[in-house]
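Each chain carries a letter (A, B, C and D) given by its place in the written order, and its residues are counted from 1.
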Amino acid sequence: MVSLKTSIGGIDLDKPGMVASGIMDETGPSMVRMFSCGAGAVVSKSVGLEPNAGHANPCFTEVDGGYVNAMGLPNPGIELFREEMETATRAGKVVGSIYGAGPEDFSMLAGKMEDYGACAVELNLSCPHAKGYGMEVGTDPSMVKEIVSAVKSAVSIPVWAKLTPNTHILPSIGMAVQEAGGDAVVAINTLKAMVICPEFARPLLSNKFGGLSGSAVKPVGVRAVYDLRTVLDIPIIGVGGISNWRDAAEYIMAGASAFQVGSAIGTVGPEVFGSINEGLSSFMEEYGYPSIGSMTGVAHD
Amino acid sequence: MVSLKTSIGGIDLDKPGMVASGIMDETGPSMVRMFSCGAGAVVSKSVGLEPNAGHANPCFTEVDGGYVNAMGLPNPGIELFREEMETATRAGKVVGSIYGAGPEDFSMLAGKMEDYGACAVELNLSCPHAKGYGMEVGTDPSMVKEIVSAVKSAVSIPVWAKLTPNTHILPSIGMAVQEAGGDAVVAINTLKAMVICPEFARPLLSNKFGGLSGSAVKPVGVRAVYDLRTVLDIPIIGVGGISNWRDAAEYIMAGASAFQVGSAIGTVGPEVFGSINEGLSSFMEEYGYPSIGSMTGVAHD
Amino acid sequence: MTDVVTIKRVVDECYDTKTFVFDWEAEARPGQFIMIWVPGIDEIPMSISGIDGREKSVTVKAIGEATRAIHGFKAGDRLRIRGPYGNGYDLGRGNLLIVGGGVGTAAVMPAVTTTGADTILAGRTQNDIIMEGVATSHSDNVWIATDDGSRGFHGNAVQLMKEKAALKRYDCVIACGPEVMLWFTYQACKELGIDCQLSLERYMKCGAGVCGCCVMDDSRVCRDGPVFDSEKLAKLSEFGVSKRDECGRTVKFR
Amino acid sequence: MTDVVTIKRVVDECYDTKTFVFDWEAEARPGQFIMIWVPGIDEIPMSISGIDGREKSVTVKAIGEATRAIHGFKAGDRLRIRGPYGNGYDLGRGNLLIVGGGVGTAAVMPAVTTTGADTILAGRTQNDIIMEGVATSHSDNVWIATDDGSRGFHGNAVQLMKEKAALKRYDCVIACGPEVMLWFTYQACKELGIDCQLSLERYMKCGAGVCGCCVMDDSRVCRDGPVFDSEKLAKLSEFGVSKRDECGRTVKFR
């Protein structure tokens, strides 16, 4: 019998697929639902210090092979998020995703998430469409180091850093996380993108810019994980365009110890976790991989 | 009557769509065919100093929304390429794409292309899968400046620089081109990518890494052109995932004076140029754009 | 699916409501909705109020900036839309009674034209009754209710519905309107012992079941809904009670 | 389309040629080909040699590293393939005469099984004749030619073809084999005044009409071909004369 169990740093998961931050994870009850669909953990919506309505509509559209979104990190703020976390953590493992402008913000938010029962925190160093947050801090290795170090001293739960693929220095950013004591890296966030509507001669999104996700980005994400695996010792969590077991297997073989699913919760539905789990099990059975760990990084050999 | 004429720096084109480098442009006769399909110019395959077989097969595969390739810059070398250029330049405007490891290589190759009748040279500073070439030089602003300056003093035809989107410093790279006297920038080349086949537990491509092209990358390319337009004064040529008039219009409105089509020559066929030209004309007619120039960058207003 | 369509016709439904008709190839089911871009202003959800082959329509009540801007659109203007989204009604649940309250009538009209089932159109006054012509040309029994009694039954939609359900056996009530009306519809159906399918509204961003902003309990109104039947409604603790704002904060109705 | 298929059966065709049978949902036309990955070694083009509903096959002659590696594959092994590529034969051009030379027989076999047309199978010796069983079970007239006369007609495919075309009116010859054979087939058809459709080979990388490495004059063998009819062949100055190597350099045949 094969096992879908995996561990990422200190965290043990029964199933290797998590809900990616920002998808069906802004409220307690919707996170609970995702566990029952077969997610091994849920990463919460990225939460900041204050309530944030996000960018005005339109902030989302379908494109070939995926979505472009600029939600703008809507969230009720860390204080109100306590209630959602309480509901969700009763049902399964929740990773608290947080965003901030600098080390103090991140430390404060991480502390709250720890209080709320998060099993780990995920630092959003990579959102491509929020001014002053996300990838603006995440493409500067020294800033990344500072933030991760600060959060590490502020909490005792594992600290994950979610990285942007919109840079040629991804491996250095990964190294910065590792050197600062980060417990894992998560790759990738969305690709910087824009949609223009010719008839209206303007960008569609109210924020103009957005981020591309979905199957269109999968080969970019697999490459990012593969590259990170060649330089890092800490675990990697793969995300970007996963919608079936083959996609998940690609990320695992590239070097991921676990993976996250975002857009496919829309394109396929929350049932996507069940079908990925089933598909992975039969594949592992047939090809003789007893565990996720035994498959992790095998494409490097 | 609307006009599809456009000019990029010193170059006037009857039609705004060119064949992107690397697609049906390694031989004279195939370049000639592309003119008759409605291309306003053809950018040649990137040519280097010596004959190069490129990477071994497999070097190409379809993925959702596009292709991943690692051709590895196969080309017969600049000496033998004279003959192909002679055939092609008789039929229309040919932009000579070249790649090299540094300023000397690029200058020498550009000189040859000028001799062969190229109307401009396009410096490939962006191929994501050729060691020591392409994006390895193209993510270093000072190196980019040096190469562009060197080529500018070596030839009198316009010098275009083709940029990689695989970086967070794209605007700085664009500025480096402009400051060095470059006549135009071309964006984007492919996105760094990888495809792993789970059943065989290894990357598919012989080179392991490749570049993603096709409709999957269009929102990334449109964003790149939009970003470049906000900082640059020199013309921009848009490329990445264009397969119909709407795609072309997105790039033009984002700031492109002309565009290139690559993958769609495979997915749609060489006829793609004809249908883009027709579609653009009727759109311009209906929406009152007398010229490509009048549409360029309008999404910024 | 994203698309740009051309408005063919604009129909005045009443003082504050207009129908915009356009050709759109998409397959749409009664009860589904689309997202309409109002450039420079907003993008908002709108029920598909007519489905006639490729011809589709939306029926818009001007209540704020975006809907007022849409009212300025004319035949020949373009709409950038995406969809269709949502589950739609199941029209195969026996003998139907269809109830539209105010602009909610738009959402149920394709169910009326598809089934020709008995229909109640309700509004505050006679001036708020919309789409009566379309309804009567597809259904033999179209009853009107107005709060002020200015036309038809003097009373609200739920009161008239109860009256009609006492006279004839219906298996399922299909309704759309203000949430308070739907809440009482649900209670009435429970008492009457019949099923219902109600079309709910929540603030929508993606419309496609991705962002999670429109959830009621653990269900996405945009994707798992907007139509919920009695069985599902029974599990929605937020139905009639509260909604989430744009930040995801809970806001109580009362 | 990319896919991973499972080999169901391996059939020995002759001392150096094997057929690999697998189920594959893709729609394929006679004359099309696929690209087969040989992990760690190469990816190479192979004609689809059998089309029977979802059951497809390739027939591989071991001539180098990749094809020898494929010969090591067994039932149950996986193949990562992509395709189908190419235009395929137009089987509606009247009375057909089908000619397969050596392993080129693989490329024409689906045309034989689909049409049951008269067929010539040629090879250097009797040991090089492949797929005779499949051919005879679909076509009433299957003629053999061997260069050494060890079986059937003593001579090459083109000689036998001329002989047969003198006895019966054919409208079009469909052929695949070494380029020199195809060159003479083309000349013979010109003399006979009949059309032909010949399946050509060039070095292939993408197979999908993108990279341009397989061009003959301005035509992509992978996409505009691999099948070219008399009209198109007349315009291919490189046919029978030269090919491009992996660098795109011209290499003369003689």
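Just so it is clear, a residue touches a chain if its C-beta (ideal position, glycine included) is under 8 Å from a C-beta of that chain, and two chains touch if they have at least 3 such contacts.
For clarity, every value in this text was computed on a predicted model and none was experimentally measured.
Peer 1: Going by the touch criterion stated earlier, list every chain that contacts subunit B and also contacts subunit D.
Peer 2: Under the touch definition, subunit B and subunit D have no mutual neighbours whatsoever.
Peer 1: With chain centres defined as C-alpha means, what is the inter-centre distance between subunit A and subunit C in Å?
Peer 2: Roughly 36 Å, centre to centre.
Peer 1: How many angstrom lie between the centres of subunit C and subunit D, each centre taken as the mean Cα position?
Peer 2: The separation of the two C-alpha centroids amounts to 60 Å.
Peer 1: Mind checking the centre-to-centre distance between subunit A and subunit D? Centres are C-alpha means, answer in whole Å.
Peer 2: From the centre of subunit A to the centre of subunit D is 49 Å.
Peer 1: Among the residues of subunit C, which are close enough to touch at least two other chains?
Peer 2: As it turns out, subunit C has no residue touching two or more other chains.
Peer 1: Scan subunit A for residues touching two or more other chains and write them down.
Peer 2: Within subunit A, the residues that touch at least two other chains are 63, 199, 202.
Peer 1: Linking chains that touch, what shape results: line, ring, star, complete or other?
Peer 2: Shape = line; chains linked end to end, path left open.
Peer 1: Throw together a list of every chain pair that touches.
Peer 2: Pairs of chains that touch one another: A-B, A-C, B-D.
Peer 1: Give every residue of subunit B touching subunit D within the complex, in rising order.
Peer 2: It is residues 22-27, 29-30, 32-33, 45, 51-54, 56-63, 67, 69, 71, 74-77, 80, 84, 197, 199-200, 202, 204, 262-263, 265-266, 269 of subunit B that touch subunit D.
Peer 1: Which part of subunit D faces subunit B closely enough to touch in the complex?
Peer 2: 1-2, 4, 35, 37, 39-40, 42-44, 78, 80, 82, 205-213, 215, 217-218, 220, 223, 244-249
Peer 1: Please output the residues of subunit A touching subunit B within their complex, sorted ascending.
Peer 2: 63-66, 68, 135, 139, 164, 166-169, 191-196, 198-199, 201-203, 208-210, 212, 215-220, 222-224, 226, 241, 246, 249-250, 253-254, 283, 287, 295, 298-299, 301
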